[in-house]
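Beneath this line is the structure, given in structure tokens, with notes to follow.
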Amino acid sequence: MSPEVHAGASVALFLAHAVTLEEEAAERYDELADTMAVHHNDVEALFRRMAGYSRLHRDEALGRAQAEGDVLPTLRPWEFAWPSPESPESAALADTHYLMDAHQALSLALTAERQAQAFYQQVADTSHDARVRELAGEFAEEEAEHARLLEEWLTRHPPSAAAALDDLDPPVAVD
Amino acid sequence: MTPSFSLAVTGSGGAGVMTAGQLLLDAAALAGRYGLMARSFGPQIRGGEAAALLRLADRPVESPDDRYDLLVALDWGNIERFADELPLAADALVVADPGHGAVPAVIAAQTGRLIEVPLTALAREIPGGRPNMVALGLTACLAGLPAAAVETRVRRALARHGTDSVTAAIACLDAGRQAAAAHRRARLPVSGDESTADPTTALDRWVLNGNEATGFGALAAGVRFCAAYPITPATEILEWLAGRLPSVGGRLVQAEDELASINMCIGAAYGGVPALTATSGPGLSLMIESLGLAVAAEIPLVVANVMRGGPSTGIPTKSEQTDLNIAVYGLHGEAPHVVVAPTGIADCAPTAAWAVTLAEALQTPVILLSDQALGQTRTIADPPATALPAARRTAFVPGPTDPPTAYRRYAHTPDGVSPMSCPGMPGGQYTADGLTHTTSGVPSTRAEDHVGQLDKRRRKLEHHDYGARWGEVHGDGALAIITWGSATHPAREACDRAAADGLSVRLIALRLLSPLPVAQLEAALAGVRACMIVEHSHTGQFYRHLRAWAELPRPTLAWHRPGPLPLRPGEILEALHHLQAQQEVAA
Amino acid sequence: MNATVVLRPKDYKSATKPVWCPGCGDFGVLNALTKALAGLALAPERVAVVSGIGCSSRLPAYTSVYGFHGVHGRALPVATGLAVARPDLTVIATGGDGDGFSIGGNHFLHACRRNARLTYLVMDNAVYGMTKGQASPTSAADWAGSKLTPDGPGIAPFRPLEIALSAGAGFIARGFSGDPNGLARLLAEAIEYPGFAFLQVLSPCITYRPEQLEYKALVSAGFEPLADRNAAFRRLLTDDGFTTGLLYRAPVSAGGSAPAPADLTDETATLAELAGEFTAARLRGAADHES
Amino acid sequence: MTPSFSLAVTGSGGAGVMTAGQLLLDAAALAGRYGLMARSFGPQIRGGEAAALLRLADRPVESPDDRYDLLVALDWGNIERFADELPLAADALVVADPGHGAVPAVIAAQTGRLIEVPLTALAREIPGGRPNMVALGLTACLAGLPAAAVETRVRRALARHGTDSVTAAIACLDAGRQAAAAHRRARLPVSGDESTADPTTALDRWVLNGNEATGFGALAAGVRFCAAYPITPATEILEWLAGRLPSVGGRLVQAEDELASINMCIGAAYGGVPALTATSGPGLSLMIESLGLAVAAEIPLVVANVMRGGPSTGIPTKSEQTDLNIAVYGLHGEAPHVVVAPTGIADCAPTAAWAVTLAEALQTPVILLSDQALGQTRTIADPPATALPAARRTAFVPGPTDPPTAYRRYAHTPDGVSPMSCPGMPGGQYTADGLTHTTSGVPSTRAEDHVGQLDKRRRKLEHHDYGARWGEVHGDGALAIITWGSATHPAREACDRAAADGLSVRLIALRLLSPLPVAQLEAALAGVRACMIVEHSHTGQFYRHLRAWAELPRPTLAWHRPGPLPLRPGEILEALHHLQAQQEVAA
Amino acid sequence: MNATVVLRPKDYKSATKPVWCPGCGDFGVLNALTKALAGLALAPERVAVVSGIGCSSRLPAYTSVYGFHGVHGRALPVATGLAVARPDLTVIATGGDGDGFSIGGNHFLHACRRNARLTYLVMDNAVYGMTKGQASPTSAADWAGSKLTPDGPGIAPFRPLEIALSAGAGFIARGFSGDPNGLARLLAEAIEYPGFAFLQVLSPCITYRPEQLEYKALVSAGFEPLADRNAAFRRLLTDDGFTTGLLYRAPVSAGGSAPAPADLTDETATLAELAGEFTAARLRGAADHES
């Protein structure tokens, strides 16, 4: 999100971003989980779990909106002012691999959570609207909490010994 | 009947199932065994699920068996997909890694002999170890392959990855073998003595798939030009040729589509350079119009069509024999051409070579009908007993007194074959044409020219002496099977088993599919009282083709079923017994 | 489908899970497409996505709109027939660079000329993914990654935007699968263009062209929409192949004449009248029937 | 047997031969006659040489006769080219313009009745006069057509050229008639009384060629989309549709090639709009791959294939029945579809309409096999006795409680036909696919899905009730002819003549060529002792097709010969007598 | 053929008389071709002319060189196969605008890219002559002379030179059948170009496009040979379609890499060696055989 846009964003506009950020993060985790399922990779479960968390946060953001009494504006996907090509908590599709292990999956998620944290922090730092600053700060703190959690999990899932991405079977021609 | 041992290694793609399977087959070759390996996988380009399907024996074997004796599962990812490709023998042994969950019902229901080996855990104990190498050691041991052969092969294959890799792999093989030994009671009966194989002969044997064999046969017969567009399951023919043609002065062009590739071949062949393209059903469909041109303009060329499940895009990775109709009858107008098919994987090389010689001798397109089962199954086979045939074209030689315009490219000759010039030959200029033409190649709409050229083109095919390669006949029973292509080996094994049951069945496998060698076929059928037509199709295309041209014994039973599952000897044997029972009732 | 229900991008996805390799650029394209459709609030049953054969051409089955997965190289004619016969629909043709520029090259040329109202989105990974990584028309001359062309294809790569412009396309853009929101926006504009809209999307194949993961660093949103064909040509002369955005949008009247929609209900001539043309009576009859 | 009068008008292109011929046919229609007119040309686009070949009769006639009763030559330019197309009756009259040199030997040798009429000189005497109009007056008179009918037609045709033209033409007609009268002794016997024709009925008759009839039948049955690429001899279907489709809210797109045209039709038909394309052999060849897609994805559409001499480019302007093989067997994989053929020119309309209804009812491509002889011969025929059938597609109707994903496009149904949705129908979304798929259309490689869909697609064709249109049966002799397409009328006339000779021959003409209506055919053959298969081909494609599927009487004689010459009743009659003689020897 | 005999243009004609309409532009092209061949003193047996189907495609039979009259639209692939397999020959592909730009459009695109050594001469009359005058890709959108498109094709005409340039052709020229000597010269240059040379020839169809008799007044020799691709593009932006001459001639090295000639005699690997790759021995053998 360009700082200018967010500096001037209303609470409703900010919450619309927050809701979509979490919603898209959840959908991305689902998408990754589906993909891993297709390739029989156990990290599927991990991505499902992440999707669940993101959905919880989305509901939370929706709850805030209700509490604020705000009707969230409907934006078209490209009308959101994200600082990156996608909403910041969407795990990068390009960084996945069908043989990825739990460590790599968690690293991927960690990057996403940190991006989300950075996003909220930036809004918290630059918004002209006090309420927005306050909400963004809270959200940033939550994201930081997630990131810490992921960091902890990562220690429990060290990189697998055998270079996991060393593909033993050549790709095949299906047509 | 060939005593043999069938085994499958399955797991998620990337687990190294295919690598393990291939090394196992190679090791079997080094150990003097025969065998074959097919692959099966899911729709994913990479990953997904994979199965290496092997059969090992002491005598040449090219048919899959009815059931598998051993299943080694690295994990259970989507095993349901393979369930019907993996029929297990009642006493089959299933080796599973307990780390990957319970044995799925679809497997457990088939056999009671399950043993658990922690493949992943064993591999983890070895630095750089991999579960698939543990599985390889274990499987080889259960299959009765000498450890030395496996080790030799693995050392060789991993050499370029450095000594650490090799050491780790060897350790894995050992761990696997020990795990197998730990289940000594589960060790399966294997045929043959590990030490009997004559190592010299064994090392001369070929380990290759039908696609490579096809490429080799074509090149050996003289093909020096290939233009093609990739398509599964034919691409390996092209890849093989792409790597080798330059070394014999030839060229391969990757074309923009099949319309281009067939026409580039026509151009090269018109230029005197024997040409081949390889494709599968969808690509063959696109070549149809230009094949008609090659017929009319009398241009020699070979299309190797590797059949897959149809219609339309169908199932590209599975086998069927359902492009027979289009290959034989697919051209518009009256367009006689030649269709041949190898009767097995090893036969792909001589039959491809034959196809090239026929094309060149008859100046006509030849369609070589291979299929996914032949093309992509790797086998250990004896090299061809005789040298492959080499192509020869009847070339134009100007008479010393001929005026420059005397050359009649499409002159009527007794055998219908007219001497052919090609650019560069002075006095041989003519215009090759797809329009009805005179003997000089000038367009004509007159009846005498039309009929004259139609007659000539039919004559050259009908009068040609196709020699002994038209087909194979085995046995002399009063019951006969007529079959072709990849159905041959399963059918032949069914006949062998029937013989073991005391039922003598004659096997007739055609290599020449069109023009149908009616006289040879009817001679081969002499004394046959009942007949069965065996093919891998839904509606019996081969049966209809035979009916259209030949007198078949009555009764003749049409036995066929479509892909994707391969034909197995047992089902053919069952149909044979059915036919025999009918015969007895009738008698 | 109740028109008042607001559909989200995921509502345009089907339950079928993609068989694509994780990391494949085509996931981004699928996401961009569903975002574009949601952004335009199009009813799923009024949209059709038509493709050929290839990894990318698998896309239609992953959407909840009408789909057509045809044969290799023929997405555009199928889409054209559908768009001309059913001008009430939103028609999107899609597929890969092999499908569209190699075997389908002729349809591409003539679709640009014909200017029927449809969007053509090509997922360009400069390789034939589905058949194990052979060179495609957009592969570099020296890309030696395929056994079929072990020394590289050795020929000049196909320039999709130049060809489209030469052939007469009125809407020409380039997108990147790694920027689904930007791509969704381009797509929405393409869909709304009342003629043939062409969109080349750089969509990495991580399996056969892993070096394409670098695309992220190479692409830049440099095109400014031009309405003048000559200006667009001049712009392309300095194109590096990684500039994204809308290059050219012809004023609608200049974009050739899109076939007028067929009104399938307005039968101004009855069958009987048409049959009347055949009668002997007409051979001596009113002059207006003479052919 | 139809008493009839056959005549030819020949001359260099540009001399107005075709105009004269066409006006003569039209005049015959106005006079209540039946008849037909074929055209023959040299290879030149314009100029060259031309012949209008007519046969007139008092009863419907669609076969050419064996020989011509009258030849009117405006000049002798390259007449040799037509020599074998123009067999003259022994007592034929030849009218020649002495200004164009001596009668060529090839003509003079055939008949002694030569008269000289200075057509050019006569025309020159009339301001604005033309020799072809003189020839028209003369020919009409010799053919026994009322002068009034000719005059009416000519007035009408030339109206837009102004009164001077009309006056000149009428004067030419008179001059021609007088020249004929001057040779009263030469006037030929003609059948029928000039005044008997019921003018009302006569004026309702249709004067059209098979291509126009095909276009009309398709449009009448509901076709509203056509995409095509021009090709001889199919282009007139497209041109007819191009002019009429817009008036019924339809559209025609000129495609870049046949690959595009067939796929555009697939797109339109997928969109719910009945579609047709027309082509000939080379174009059909290019459509083969996509026809397979239409089979697999179950898309209805009609390809009207107007056959010409083959193979390859062959003889585009001449007729043959040699695309039967490709039409029936040309698709790769197992791709059941429907092939039908009109049994005559007038039958093109109802059979084209039927083709559309079959395509829509069975959701499958239908190939309509017409040919140059049907498509480009103009005839005077009774309009269809019954209304043409109209197409109906089994449409998807969402159940009130269906979840949006419940629709199974390829659901198994008893008759194999699954309700079809099309874009715009909420809840009907699916992806049509040429890959093997589940009932929902999701790609699958599993045996049950493959076999299930193969079965279903075969079932819908086999279980369909094709009704009475499957073929025509005439007579009940113990000798039978089985034939199809443009061979039907010559064969029927041969049967009529045989009956006149006291030999009763049954005629069976098939309209449904694939799936072959075996039960109906075998029922129609009940009591037949010997049979003859009549077709216009070099190798007997129809004969082989029948053999492949049906039990034919023994003996069955395959009688066929290729183009470019049309089949004539006499040669078929001769073969019949031959068969009968054989039968008698055998008895 | 004795090389010391000097051949005249007529020696490159066959005894077969053209079936073309008197006045057809294709006569001029035939004359230009025979003049070019005579001018280059090429031995007739070392030249091959390959065509598709159409009036123009009848040309090979009217020459005394090797000819190939194939199917509609496929002249270029036949010529490519011949040129690649037989680099010792002079290969000329020819035909009409329908053959080359409509059904053959894809081969045109890819032949421009592939840059095999051959000349492609298209006799452009903006109509399908042979099939009775339907619109071709180069027909104007409003040309309503065909029953198949009674209101005109209604789509943007195909621009052969632009497409050739976009697609990567290295030699691009336009000629006029009414100027056989100028055309012969262009053709000779094209033949000598060591790569793919494209030559559009305006060749009137007097039967279906009698208005093309006006071409004589419209054409002007305005192109000056350019060696810079961008310059050629800029030149085309102001082209009226009637400028003749050599537009563009890429320096040979820039013209893509023409496939290296195959040396059909140099068999560096014997069959036995190739067969050796299959042996079991190799599975344990020397490392250099590993694939």
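The first chain written gets the first letter, and so on, giving A, B, C, D and E; residue counts start at 1 in each chain.
Keep this in mind: a contact is a pair of C-beta atoms (placed from the backbone, for glycine too) under 8 Å apart; a residue touches a chain by one contact, two chains touch by 3 or more.
Note that this is a predicted model, so its numbers are computed, not measured.
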Where subunit A and subunit E overlap in contact partners, by chain label: B, C
Reference subunit A; chain at largest CA-centroid distance: D
Between A-C and B-C, the pair joined by more C-beta contacts: A-C
Centre-to-centre distance between subunit E and subunit D (centres being mean Cα positions), rounded to whole Å: 38
Distance from subunit B to subunit A - Cα centre to Cα centre, in angstrom: 51
Sites on subunit C at which at least two other chains make contact: 19-22, 53, 71, 73, 102-103, 105-106, 109-110, 114, 130-132, 137, 207, 259
Touching two or more other chains - residues of subunit A: 38-39, 98, 171-175
Subunit B residues counted as touching two or more neighbouring chains: 42-48, 231-232, 235, 256-257, 282, 289, 292-293, 297, 312-313, 317, 433-435, 443
Touch relationships between chains, expressed as pairs: A-B, A-C, B-C, B-D, B-E, C-D, C-E, D-E
Contact set on subunit E toward subunit C in their complex: 102-106, 109-110, 113-115, 137, 141, 154-159, 162-163, 165-168, 230, 233-234, 237, 256-257, 259
Contact footprint of subunit C on subunit B as seen in their complex: 42-48, 229-232, 235, 238-239, 242-243, 252, 254, 256-258, 282, 312-313
Residues of subunit A defined as touching subunit B within the complex: 38-41, 98-99, 161-162, 167-175
Subunit D contact footprint on subunit C (complex, rising order): 1, 14-16, 43-48, 50, 58, 60-61, 63-71, 73-74, 76-86, 88-89, 106-107, 109-110, 114, 259, 262-269, 271, 274-275, 278-281, 283-285, 287, 290
Interfacial residue positions of subunit A with respect to subunit C in the complex: 23, 27, 31-32, 34-39, 74, 76-78, 80, 82, 85-86, 93-98, 100, 171-175
